[in-house]
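Input: structures, listed below.
There are two complexes below, and they share chain A, which is joined by chain B in the first and by chain C in the second.
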Partner chain A sequence: MKTLSKIIKFFSYTSFILLMGIIIFIFLYTVYRSIGIINFEFIFDSPRGMVLGEEGGIFPAIIGSIWFSLTALILAFVPALCSAIYLVFYLKNNRVKTFINNVFENVAAIPSIIFGLFSYAVFVYMLGFGRCILSAGVALALMIFPFLERKIEKSFLEVDKNLLIASYNLGIDIRRTFIKIVLPLCFKEIISSVILSLLFAMGATAPILFTGGVAFATVPNSLLKPAMALPLHLYLMIAQGASQINRAYGVAAVSLMILFIFSTLAYCFSHKTYKKV
Partner chain B sequence: MNKTKEKIFKYFTKALTYIALSMLLFVICFIVKEALPIFKVVSVKEFILGTEWMPIDFGFGTKYGMRYFILGTLLVSLIAVVISMFISIGVSLFLAVVANDKVRRNIFPVIDLLSGIPSVVYGFIALELLSPIFFSFGVKTGNCVLLAAIVLSIMITPYIVSSVTYTFVNLRNKYMISIKNLGIDEWYGMTTIILPKSVKRIVLSLILANCRAMGETMAVMMVMGNAIVLPTILGKGESIASLIALEMGTAVRESNHYYALYAAGLVLMATVLIINIVLHKFSKEST
Partner chain C sequence: MTNEILTISNFNVNYGSKKILDNINLSFKKNTINCIIGSSGCGKTTLLKSINNSIVFESELHVDGNICYDGENISDIDDSTLRKEIAMLMQMPVVFPFSLYKNLEYVLDYYLKIDKTRKNDMIVDILKKVQLYEEVKDDLNISAEKLSGGQKQRLCLARALLTEPKIILLDEPCSALDVYNTMCIENLLLSLKHESTIIIVTHNIQEAKRINDRIIFMKDGKVVEDNENFFENMSTEEARAFINVN
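Coming up: the complex of A and B.
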C-alpha cells in the first residue's frame, strides 16, 4: 500500500512537472532563439529574400492573420450568439433541441481541413470568389462556429434559473430578460470566448492552405484578395528550406506572443466572472 | 410594440439557428457529393483497401488505394493517445489531489495554452529539436511516425486532462471523506478506488482525443515523412489529412484526382463522425 501510493505520487508529480516544463520550454526557447531577430523592421516590413522571409519582416502576415480571423469571427459570431439564445431560451421541443445540439457537438469534431475542402469547392470555384480572405474566412468561420456556440451556450446555462423565472413572472418578455439580465451577467464570458475563438482561427493553417492563404501578398485591402498568414508563412519558410532558421523562430515567437497576450486577456475576463458568481 | 420586438427577436434568432444548422449539414452533404464521382472509377473496397496511390497517369494508369494513409492515420493517432494517456492521468491526479480549486482554476488556462499553439509551431519545434535526436538514433532524415505521435500527444493532452480532471474531482468530492475516515492514504485511495471508477470516462475522453489527433494536419505533415509506404513506428508514413493538404493544390479541378481527395476527406470525416455519434449515445446511456 505504501509503495503503490509512493509510485503513483511520484508518477503524478513527474508528469505534472513534465507538462509544465514542456509548456514553459516551448515559449521560452522560441523567444530565446528569436532574440535579436524581433525588432521594429521585423514587425513592420514586408518579407524579402531568395527564400521569402529570409530578409525583411512579417508585417503582411500579421495583418493577414488578423483579417482572416476577424472575417471568420464576424461570420460566426452573430449566428453563434443567436443559436445559443434560441437553444437556451426559446426552443422548448426537447427532441429538436437534442438534435441541434448533437449536430453542433459532432461538427465540432470534424477536422479543420474538411472545412477547407468545402470552401475550396464552393467558394473558391462554384461561387467564383477565387482564393481570397472571404473564402478562407468562411472555412474558419465554420470551424469556430461550434466552438463559439458551445461556449456562449454554456455561459447562458450558468445563469441562475431563479433570476429568469422571477423576470418572466413579472411579465417581462424573453428579449428584455436577455438584454437586461442575461447579457450583463454573461458579457465577460462572451468576450473571453470571442478572444479564444479568434486565437483558434489565427492558429489554424489547414483550412486556409488552399482557400486564401498565399506565400506572398501585400497588406490586404479587400476581402476578395488573398493574404499571408503567420503560421502559413512559417510553414512555407520551413518547407522551402530557409537557411535563416532564427528568422523562423522569430515568426514562431511572434505567434506565441500573440497567443500568450490574448489568452491572458481572455483569462482575465472569464476569471472575474467566475469570482463574482 | 414590445410584443412585436419580442417576436422579431425570436424569429431572428430562430432563423439564424436554422441557417447555421443547415450550413453545417450542407458541408457534410457537399463533401459526400464531391466524393461520389470517384467511386465510378474504383470500388469502395478497392479505394479503402488498395495499397497503391497513383493519382496522375504517367502511362501506367491511375490507382486510388487509401490503405497506407488510413493505417498511417490510425497508427499515429493511437500512439499519440497512448503517450498522452500516461501524462494526462498523471497530471489529472496531481490536479485532483495536490491542487485545490483555486490552483486548478489558475493551472487550467496555462495547460490550455498548449491547445492554442498553432500546429505549425509544434511541427517546426519538433523538426528543429526532436528530429535530429531521432536522426542520431538511425532514423533516416529523423522524421518518423513516432515523432509525429509525440508531437500529437502534447497537442491533445489539454483535452484529455480537462475532462479526466473533472471526473477525478467529482469522484474525489464524493468519496474522499469516507476514504480518509477509513484511514486509507489519499494516493492509495485515488488509485484503487477512484481511478477504477473513472475508467469508462477516461476511455471516452481518450477516444474523443483520438478523433482530434486523426484530423490534425500541419504538425503531422511536417514531421511524419510523407512517404506512401506501410507505416511503421520508426518509419515514414502519411496521414489522410496530410495527403489532402499536400495534393489538393496540384489536383486539377473535377479530375479523378480531385474527387479522390474529397473521398479521402470523406473517409476521414465519416470515421470521426461515426465514432463521435456512437460515443455520444454511449456516454448518455452510461450517465
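Coming up: the complex of A and C.
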C-alpha cells in the first residue's frame, strides 16, 4: 500500500512538474522571441507591409478582439444566467433537468467552426448582415454559452441549500431570496466566470474566420463592421509565410499577456469571502 | 367557532414503495404546545415539513391526503403566505451570512415598508422578547455566524416571530444546546403559547414533560398515541416501552 502510494505520488508530482514546465517554457519562449518587437508602436500602430503584419503594429487586432469577445459575452451572459437560475431554482422535474443539461453538454462538444458556419449561413448570408462583429459575436456566444452557463449553475448549486430553505421558511419568495442571499454569495464567482468566458471567446479563431474576422480592418466603431482579431492576425501572419516570425511571436506574447492579466483578475474575484457550503 | 387551527386528514407520504407517514389524522387547537415524540426515522420531521409544505424541497416524495390550515387546504394557499403564517425552525439554526441586525432586517424589509427608527425599535423589541438583547446589545452588527449555538437558535426564533406566525414548528430546537439555552428556549415557548400554536418535535422526554399540553407519540410513520395526559396515563404498550427506554 505504501509502495502504491509512493508510485502515485511520484507520477502526480512528475506530471505536475512536466505540465508546469511546458506552460512556463511556452510563455517564456514566446516572450523571449518577442524581445525587441513589443514596443509602443507595436501596440498602438496599425499593421502594414507586403505581408500584412510585417511592419507596423497590432492595435486594430487588439481592439477587434475586445469587440468580438464583449459582443459574444453580452449575447451569451443573459441567456446563461437565466438558464442557470431556471434550472437551479425553478425547474423541479429532474428528467427535464437532465435532458436540458445533456443538450448543453452536447452543444459544448460541437466544434466551434460549426457555430461559425451556422452564423455565416444565418446572419452573414440569410439576414444580410454580412461579415461583421455581430455575426461573429453570435458564433462566439453560442460557443461560450454552455461554458458560462455551467459555471454559473455550479456557483448556484454550491450555495448551502439550508440558507435557501431558511429563507423560504420565513415566507420569503424565490426572487427575493435569490437577490439578497444567493447573488451576493455568488457574485464574485459569476464575475470570474464572465472573465474566463471573455478569454475563451478572445482566443477563438475558427468561429470568426468567415463571419467577422478580416485580414485588414481599421479600429472598429460599429457592430456591423468587420474587424481584425489577435488569433486570426497571428494565424494569417504564419499562414502567409511572414518572414519576420519574431513579429508573430510578438502577437502571441501580447495575447498571452492579456490572458495573464484577465486570468489574474478572474482568480482575484473567485476568492470566496463567504463560506458557502 | 372552532378552536382548531390545523387539521391533518388521511395524510400519507411515500418514498417510492416505502411509507414515511401512514394515514395520519390529527388536529391542533389554538394556543397549545403539542410535542411530537418517537424514535428516529418514525416520520416526525416529515410530518412537520408537510405542515408548512416545505416537503416540496424533498424530491421523490409522493404526498397524499389533506392538511387544512384555518379551514383552508394548504395546497390552495400560496407557499409564501403559508410559511409566513406557519414558521419553522430547524434543528441546526441557520443564520444568513449577514450581521445579526441584517438577519432581522431581511425579514422586516420583505414584509413592511417602515422607516429606520421604527425598524430599529422592532428589532430591539424582538431581541428582548427572545432574551437575546442583553447579550448582543453592544454590537448588533456582529456577524450572525459568530454567535453561539444558543444565540443563533434564539436569533432564528426572533426572525420567525417577526412574521407574526399563528403556528410555530420546531424540529428538535434544543438538541444541540446546553442546559441554560435549552431553558431559555423552553421559557420562550411557554410565553409564546399565548400568541401562537406550537408544534415541537423533541427527543428530550424531560423537555416534553415540562412544556407539553399534549403528546403525540409516533412509530413507523403512524400516530400510536395522542394524549393530553400522556405522562400520567399512557394507554399503549409501545408508548410505555418507548418512555422506559428513554
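Everything that follows uses one rule, which is that the second predicted complex is superposed on the first by the 257 of 277 C-alpha atoms of A that agree within 3 Å, B and C clash if a C-alpha of one lies under 4 Å from a C-alpha of the other, contacts with A are read in each partner's own complex, and residues count from 1 in each chain.
Rule of thumb we're sticking to: contacts are C-beta pairs under 8 Å (C-beta built on N, C-alpha and C of every residue); 3 or more make two chains touch, one makes a residue touch a chain.
Remember, it's a predicted structure, so these values are computed and weren't measured experimentally.
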Partner chain(s) touched by A:Thr205 [first = chain B, second = chain C, both, neither]: first
First (chain B), second (chain C), both or neither touched by A:Leu163: second
Partner chain in contact with A:Leu185 - chain B first, chain C second, else both or neither: second
First (chain B), second (chain C), both or neither touched by A:Leu140: neither
Touching partner for A:Lys92 - first (chain B), second (chain C), both, neither: second
Touching partner for A:Ser15 - first (chain B), second (chain C), both, neither: first
Residue contacts with chain A in the superposition, chain B compared against chain C: B
Contacts of A:Gly171 with chain B and chain C, given as first, second, both or neither: second
Which of chain B and chain C A:Cys132 touches, first, second, both or neither: neither
Shared chain A contacts, counted only where both chain B and chain C touch the same residue: 173, 176, 274
Chain A to chain C touching residues, read off their complex: 92, 94, 160-163, 165-173, 176, 180-181, 184-185, 274-275
Residue ranges of chain C in contact with chain A within the complex: 52, 54, 56-57, 59, 79-85, 87-88, 90, 92, 94, 96-97, 106-107, 110, 145, 156, 159-160, 163
Chain A contact footprint on chain B (complex, rising order): 2-3, 5-6, 9-10, 12-14, 16-17, 19-21, 23-25, 27-28, 30-31, 34, 86-91, 93-95, 97-98, 105, 109-114, 116-121, 123-125, 127-129, 154, 157, 161, 185-188, 190-192, 208, 211-212, 214-218, 222, 241, 244-245, 248-249, 253, 261-262, 265, 268-269, 272-273, 276-277, 280
Chain A residues within the chain B interface of the complex: 1-2, 4-6, 8-9, 11-16, 18-20, 22-23, 26-27, 29-30, 78-80, 82-83, 85-87, 90-91, 100, 102-107, 109-115, 117-118, 120-122, 125, 142, 145-146, 149, 173-176, 178, 196, 199-200, 202-206, 209-210, 230-232, 234-235, 238, 245, 248, 252, 255-256, 259-260, 263, 266-267, 271, 274
